[in-house]
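Scrolling down, you'll hit the structures one after another.
The two complexes that follow have chain A in common; it is paired with chain B in the first and with chain C in the second.
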Partner chain A sequence: MESSRYLPEASLDAWLGELASSHELIVPRREGDAIVFGPYDPAVSPDISRDATAPPKSTVFPACEELMRYSSVKDADDPSRTLVRMEEVMPSGSRVVFGARPCGTRGFTVYDRVFDAPAMHDPYYVARRQNTLFVTLACSEAGSACFCHWVGSGPADASGSDVLLVPVKGGWLAEGVSDKGRELLDSPLLAPGDKYAGEAKAAKAKAMESLESAADLKPAPESLLAVFDDMEFWNRMSAKCISCGACTYLCPTCYCFNITDENKGMEGSRLRTWDNCMSFQFTLEASGHNPRPTKAHRLKNRVGHKFSYYPGLHGGAIACCGCGRCIKSCPAGVDIRQIVLAAMDRAKATSQGNTTGERA
Partner chain B sequence: MQPLEDLKAAIKEALPGLDFVIGWESGWNPLLATPLFMYAPEDVDKLTWGPFNVNNPATYLSALKGKKVGVVVKGCDSRSVVQLLQEKLIRREDLTVFGMPCTGVVDATKIARKVGDLGMISGAKRTNGTLSVTTHEGSLDIPWEEAAADKCLSCQYPNAIISDHFKGDPLPPTLGRDPAAEQLAALEALAPAELFAHWKDAMDRCIRCYACRNACPMCVCRDHCIAQTRDPHWISQDDTVKEKLMFQMIHSLHLAGRCTECGECQRACPVDIPILALRRKLSSVVKNLFDYQAGVDPNAVPPLFTFQVEEAKINERGW
Partner chain C sequence: MSCSVNPYLPDMATILETVQETPNIKTFRVRLDNPDRMAAFRFQPGQVGQLTSFGAGESTFVINSPPTRMDYLQFSVMRAGEVTSSLHGLKAGDKVGVRAPLGNHFPYESMKGKDVVFIGGGIGMAPLRTLLLFMLDNRKDYGSISLLYGARSPEDMAFRDELPEWLSRKDLNTVLTIDREAPGWEHRVGLIPNVLREMAPKAENCVAITCGPPIMIKFTLQALKELGFADDQIVTTLEKRMKCGVGLCGRCNIGGKYVCVDGPVFTYAQLKELPNEL
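Then we have the complex of A and B:
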């Protein structure tokens, strides 16, 4: 089994058909004016012309998943007692996600440290993660909202992927990243890839060059803690935020969830659904107290979590993949890059006894 | 551009008496300006005016109680201000309104259809009837009618309906096509099952972020929205199309007679669901029943603020 093979563009549909015969295949599809991940339909070509509007996160971390079903039943032996019957719903089956970009796939490495760690092992997440293979498409060119290189990634980052497709003349060089990924390349539709290695390497370098120089985020974790209580700063940073959750739900690294029981008569389901820190209800306590009462507190948490608290807990790893969806799809044009940079400037200026050092 | 300089001067003059003034500045992308909160004269220098100022700054107003605020508005934005005032959701004495004549704003979704990824746009400029967009592939000239927001093609209110400072010469209404009416007519022509299928299909990709709600200047329940309350439990956490459509129905009904059709709900939708049509339908019903159009007459009384035992156009006893 070779570690890299050539996939001619003309063979793409046939290869997808082959993948779909052995796996549940999920691809980016055009729906109206958006591109979202959904089941492969042989009659409709996947849209890989640009990065999808929504990332592939729902393939491993669904927007809504049933954790268990339950029902209340009378105890036949003692009718005064009610028993609860429960049935766990575990994910099963083998899936391939085709056509995500490296940033979207890398997002799962942020989840892995949380859901598949010694301290906490989430069986639902782990089952899906293990059952799902990613055939990722390296980017040829950076967009103006892209900043993957700020967070230690890049347009051809293979972390989190099983196969990385690099655009070369007439098709892609398919690089096997994991053992399972290499198995996917064992198809007669793919050709030997050796002679495309040089071209693929050049394509990766060219894509990297299309990114503007990266900001140094090393001071970010401490800077965000330093400005934690500076509510004037956060009020200004969040002024134009409308406190919706679009940024979080489109983020490949946001993993907060809610768990609710949805009753229907004597039976129901326990659901896990996406939740988001931009919502007032997210930290609303039963007493009525809310430790994050304003959008400034909430946006502070979102930025702080990604660039300070998470890195603090996970060996410096930033909980952001730099895909830029939170910027591109923000109805108010909030730019998380500006906020992190402004926090670093503010912290620096404050430590030097000057509080006018805002950048944004 | 003299009127913009005059506007900036007026804002700077008013600023000492205000907490801040809301306008627009250049955003992360040349096509998309972003809301600008001006606290000091140097902030005012960043103010832009033109076809990229799509956001409706009136969206922020109802959350700013107790502050003295200035707001720069396009004509359509001013309708939201008028409606908020009519509903007593903001206080006129706390508000200073700045305006300039507007010749229309872009619809980023329409432009994305032509150029693909908005992130690849490196330049955008409007000259008369054309929007020129630059990407790495070169420059693309888009006829204004294909680049503008639908509401701009037949805009009846290019000038602020109310303002304290208006700079530039007022413009006449725009007499172009009304694509919004065409879209509504096409939907109304569908059989109920087809119409339901249309909405089921469109709502399928909804991610329930509620950007449509939060971007809406008239959606003022915000943190207390029934979409997220557990008691009463109107909407399940289950992410079925049924639940998503239920929310849109509630949202639309809450806006009946109040929606100024600014289009922020649809513009804010990150997955481009064409939900404005639902609001437009309700607006047309209200117009027919109550002869009322939201936000166009500061002296009118909104239909939900009145009560008559018998409405002139609702034949209740005939049912």
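Then we have the complex of A and C:
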């Protein structure tokens, strides 16, 4: 099996139809002004004109999923007693997600280190991740809020993907990334890809060049810790934030969750739902004490987790894929890039004995 | 169904007995329904569990019976909100879910041969009870043992059935205190840090274990400093809000540490190393 095949644009619909016959197929679809991932409908073309508004994270880590079901039953021998039955609910079925951008799929590598680690296997996450294949679309040019190259990624990053589609004349060069991805390319609708290799390489380089030069984030982990107690700084950084949580819900690398029970009569489900560290409730304790009482504390934790604590725990890997969604979607114009840069400047200035000289 | 593989699935357990400790604290003695799981259950003093009231959800509680007494697992629950209120409605024979043990434990090995002073406030007595009973069950391993337990009023003292025994034991120096005078109260009156100053435990070769509301901990630490306790001689447990209990849900972090897996037990020296976010 060749690892690179040519997919003519004219064959896209037919290939998607073929994928949909063997897998549940998820594609980006237009919904009003937004582009979101949803089930493939042969009558509606996927919208791949730009990166989706919401990342593909819900295909592997759903906004709400059932962990188990329980039901209460009267004890036949002693009707005054109630017994409880529990039943594990595991995800099943194989799916293909078509049309995510490299940043969206790279997001899963951030999750993998947490949910599929030697110390902890999250069986729900692992089952979905193993059964979900990503056919990712390399970007031709960078968007205004993109900074994937700051975090070690790029417009043609294949990490987290199974197939990478690189735009070439009249279609795409489909590069198999994983074994399962290469199997997807075993279709008569695809042609030999060799002669497109050069063009694909040039397209990748051109996309990379469309990005402005990258900031050096090496000092970020230390710097964020150095400014941890500088609440004047964090108050300023968070002044505009309205704690809406859009930045976390739309982020391909945010994974905080809640666990709750939901009842339907004598039965019910234990659910896992996305949670949001920008909310006051997130850390509120029973005593009334809240370790993160203000939005400044919460923003500090959000940025700190992505650019300092996570890298500290995971060999330097940054828990941000540079997709820019939090920047584009923030109703208040909070820009995570500026916060990280300002923290690095502030830490440097403070260590040199002056407290001005920030970029933000 | 395999409980060991899926970290979210509780073991089904039956409540053997409940004790109404105070108007808002109720103790539950439970056994896992699967006899093999119960026989194989091992934990260390200080570890916690997630207790399910089916339909209401899960909450974190310390296993406050010691591993030296495995007839049942004991949890004492203060009514705080939804899950705890639902648990308070359960009685002997009812089913609960148990996900345990979770978290780290008290450094009881490295405390061998040392004196120990326990300082508990309110429901903070629960984690101390585990270690206290464990040490009393291994009495010869430790030096002098003191307990200072304080509550707002006599009615707010938990474990009242056990207090007479603790007070009468020759190998345990127990001091009880309440915040304000109350009719019939024969013990100390005063805030824990002040009573601690009067007790004046010797810091040399001694470890202080303290647990209680944040404000009590703050002033107790001050008193311990005055008495000459070094940061690594003070052990406490942190109560962060928790959910998954296994380091995933992202709720309980302080910088790169997760209280649910790296804690809840920390020395004061360790706490000082963490970002200032308690």
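Simple rule for what comes next: the second predicted complex is superposed on the first by the 360 of 360 C-alpha atoms of A that agree within 3 Å, B and C clash if a C-alpha of one lies under 4 Å from a C-alpha of the other, contacts with A are read in each partner's own complex, and residues count from 1 in each chain.
Note that in this section a residue touches a chain if its C-beta (ideal position, glycine included) is under 8 Å from a C-beta of that chain, and two chains touch if they have at least 3 such contacts.
As the structure is a computational prediction, the values presented were derived from the model and not from experiment.
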{"item": "Superposition on chain A - do chain B and chain C clash or fit", "value": "fit"}
{"item": "Chain B versus chain C as contact partner of A:Asp345, first or second or both or neither", "value": "neither"}
{"item": "Touched partner set for A:Arg270, first chain B, second chain C, both or neither", "value": "second"}
{"item": "Chain B versus chain C as contact partner of A:Asp122, first or second or both or neither", "value": "second"}
{"item": "Touching partner for A:Glu175 - first (chain B), second (chain C), both, neither", "value": "neither"}
{"item": "Partner chain in contact with A:Arg81 - chain B first, chain C second, else both or neither", "value": "second"}
{"item": "Chain A as apex of chain B and chain C, Cα-centre angle in degrees (nearest 10)", "value": "90"}
{"item": "Partner chain in contact with A:Leu313 - chain B first, chain C second, else both or neither", "value": "second"}
{"item": "First (chain B), second (chain C), both or neither touched by A:Ala332", "value": "first"}
{"item": "Which superposed partner A:Asp157 touches (first chain B, second chain C, both, neither)", "value": "neither"}
{"item": "Touched partner set for A:Thr260, first chain B, second chain C, both or neither", "value": "both"}
{"item": "Minimum C-alpha spacing, chains overlaid - chain B and chain C, in Å", "value": "7"}
{"item": "Doubly contacted chain A residues - partners chain C and chain B", "value": "258, 260"}
{"item": "Complex contact set, residues of chain A against chain C", "value": "67-68, 70, 72, 81-84, 86-88, 114-115, 119-124, 225, 228-229, 255-261, 263, 268, 270, 272, 275, 277, 282-287, 289, 291-292, 297, 301, 304-305, 308-310, 312-313"}
{"item": "Complex contacts: residues of chain B adjacent to chain A", "value": "20, 27-29, 32-37, 39, 55, 59-60, 109, 112-113, 116-122, 136, 202, 204-205, 207-211, 213-215, 222-223, 228, 230, 236-239, 264, 267-268, 270-274"}
{"item": "Chain A - residues contacting chain B, complex", "value": "31-34, 36, 49-51, 53-54, 63-64, 141, 143-146, 236, 239-240, 242-246, 248-250, 258, 260, 262, 269, 271, 273-274, 276, 279-281, 324-325, 327-329, 331-335"}
{"item": "Residue numbers on chain C that touch chain A, as the complex places them", "value": "1, 5-10, 12, 52, 54-58, 78, 80-81, 84, 93-95, 97, 213-214, 239-241, 243-244, 246-256, 275-278"}
